[in-house]
């Protein structure tokens, strides 16, 4: 049983989404109240008041939450069945288990490890997997297991099988922290947990390889980074977070890359935090993000 | 009877604040539902889950709202009395009436008039009052009445009396769009409506006169602007919105002023919009702003 | 003879670019000194110290500049011939003549007129041309001639011929302030002056039509605007300036468009100012911008 | 003899400042040319073309720089004596020696060590000194010596004497990376090298202790950080760099502090980099920063 986050003890997060209908907000809040919950935070959004989709995130405090979860879940199911809504209920004190996949670049990887150590990412990190060994010592200095799974030529299936073996049932989501191998569709289907990537451009600009070089060639005045859920279509998945930095003519592609590293680590960190806090709801190829930022 | 904003017909905004208690969110949402309201947007905030202050803003749609307001208000009063909450209910389709006070600078004034013409500020503007005449023609070209109330020496009371006469019962709030006269405590008490100011610095830095000159002397690398409610203490009122722009050593005080004008007009516009949309709740010398911006 | 900008009287701007060679900076500064010029500002850039391209912008003060221009130009020609450099010398007190082409949207157009009136754009505006008439009154209230040249069906040649007739020999550059007609390659070749456009996306993302709608569909978390020189390839010309604004899931395409208008007007204004101040040097499909901003 | 930065071999940086006079730029560039230097970068600024102060930074390449420094320095002295200018000439391949003083907070400290390891700060770090021991292991994992100098009660003189002993003749500048002890005037005079601090507010707002708590109390909508040279007047020294982050009502003082840490580490890193690259010139209580950033 994982260590609990004591500051979030007895805090639950209920995500509800489905077709919008009058009374849905009231039904959910009444449900929480009759289950002795006290609403701490509530965000909701409807993409069209007249027949659109509805999304709600409610964090509530409920004494003795762990023991009462089954009962609350039964009531949610009974209540929301009427509305045709999908829902998930999570105990906020149970951190999600996150695997990080990395390659030689350390900036995104170390930023995640360091924010985790500061207590800013509500996750556990059971493992870091890399196809290189250069970050092993740093990773282990944070007390986190490091596994080396080398990439071997053009056939990725052996490496992917090895990674699947490591993460199987051990993690709740996977973060590609500048992991420079393309993930196969097979892997995505088999792994069965969300995979979050950081792409080093402001998508949909510069999909694919070498975005900083292409940014230089196009002469853009801003560079960017994009964190998104990985789907079978390269760099096309639902965007969680993006940001940019100003550049100028005097910066060559290497300078763009060095400068962009700071955007990448910030964007990925925010995306990971929001995913870990159940703030992101996928909706088609878009995301609803109930961010904690102004 | 003022022109209604048809896109917001039958939309009400309920603001509730007071001591936080379990069940308050559910009580309010149930109340709206039993009054045939459909919640369109809901924001809430508690500054301390354990005995703090609670703030909620709910926008709901209710067919035939205008006719049913008295009934809904009676129900709100009955419901919230139990919780000791303060509340206001407004019909979102009725624009607030805003007077603008200006001096020679036109950048904040014209920005507000222009955003209003674009339909981005849900207000009517019954009058612009200035102690100078240079903006009269521009103001009237927007179809808005302009009144010249000159400042006369050190005794402001005659000018303030004239302004009070103009705004009395005619406006719901007043905006000082770089109005360069200090408002007396007497005026504030008599006028009885909120007064919003734009100060040309990042408060609390550079309270008082000549902030750009003092910013230059201090050698700051960012300049800012602050919009706040006016209280009897100069530049000390509750802050609604702030922003900054980067500057460097090569900009003299005049360049800072020219550059800062663009920050001022943006900051004041956002503050006015949020106030007009009932997104700002005063709480002591602070504000809760349920902004529509990411 | 156009009105001169008295604050820039006797200020010249020399732009030099060509193959980088040792001693080029010293040669140029010595040249200015022996022509009684005092350097006020100097920017230079070399894209590769070892055989790259060199770019320099020098602003200098020289008493009685207008009379001495021929003599200085002769000396520049003699000096720079040795280095194989291209150059232009302009009298900074002579404002460039700018035509604005617009359609129904007024935000970029009015921002340019308003900044011009504030003295922040060193240009004259001999004409605004629009294929609609809705902005005529606003434009003329600034004391600027307005010409209506309607677009007529799919054959743009008559309208373009009419525009060419108006601008021929009357303007030094043309700004497309959300002008919603595609400019033909013939027009560009015939007009013989730079044409600056504002595109309502962060290029190269969302080239072409309806960028806000496509931004919404892709679920981006930032929207942007790009000002660039127009070339025969749509939205592919050298970028002068770009910027972005944060958006979120709750904004529909119309909200993105309303929000983006503020980015567009700021980006276009900066691009126009920098072009007018000879701060932009085209180099292949890129620009060197010696900006005055930190 | 310290390890040289090979990528900057034979690159010199000449800083010149003093009263502005016609011909100064040409005199300096001619001087560099006749000493076989090729100008790589040149920035200059005059705060008033008519009798103001002049500042110039020139980076030039000169084969066999180390051997020719005395000769170049003699020529600079002879040339600039006529203009009454102060100057410094540095070999850019020789990194400055930087001591870091820290307390318990690790965010600024680790960011500097990590950027240094990436090769982004052109310094050597002969030592980290802290009045606590919690960061010792992290510091040493970067291969950098760590010294513990505890603060002892209200008399700081013993601790300061110990620090002086460590840094004496061993460092070129000192960085206070959230070092929570006030530096005495005696220390500053004795140490004889520049000391750079990071203050956790947007100065001049919230000078002194507990800026995040006071920011919360004042209800500001942005928090900031300021890096400045330390002078005898607390938080009053010349500002090198500042930045801000947006906050809202929902963040308590602890959240502001956690959020602000990311601003602090970025601001301090930029200030340190610019100081190390001789991009900062002190001028009274202001700085001229010839930044490499757009």
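Each chain carries a letter (A, B, C and D) given by its place in the written order, and its residues are counted from 1.
By definition in this document, contacts are C-beta pairs under 8 Å (C-beta built on N, C-alpha and C of every residue); 3 or more make two chains touch, one makes a residue touch a chain.
These numbers were taken from a predicted model, which means no experiment stands behind them.
With contact taken as defined at the outset, chain B and chain C are each touched by A, D.
Of all chains, the one whose Cα centroid sits at the greatest distance from that of chain B is D.
As a whole-number value, the distance joining the C-alpha centres of chain A and chain D reads 37 Å.
Taking the mean of the C-alpha atoms as each chain's centre, chain A and chain C sit 42 Å apart. Those residues of chain C in touch with two or more other chains are numbered 221, 248, 250, 291, 293-294. On the side of chain C, the complex with chain D involves touching residues 22-23, 25-27, 29-30, 32-33, 38-44, 46, 49, 61, 291, 293-294. For chain B in complex with chain C, the residues that touch the partner chain are 107, 110, 114, 118, 120, 138, 141, 221, 246-248, 250, 258, 262, 266, 292-294. Contacts from chain A toward chain C in the complex involve residues 45, 47, 202-206, 218-222, 224, 238-244, 248-250, 252, 285-289, 291.
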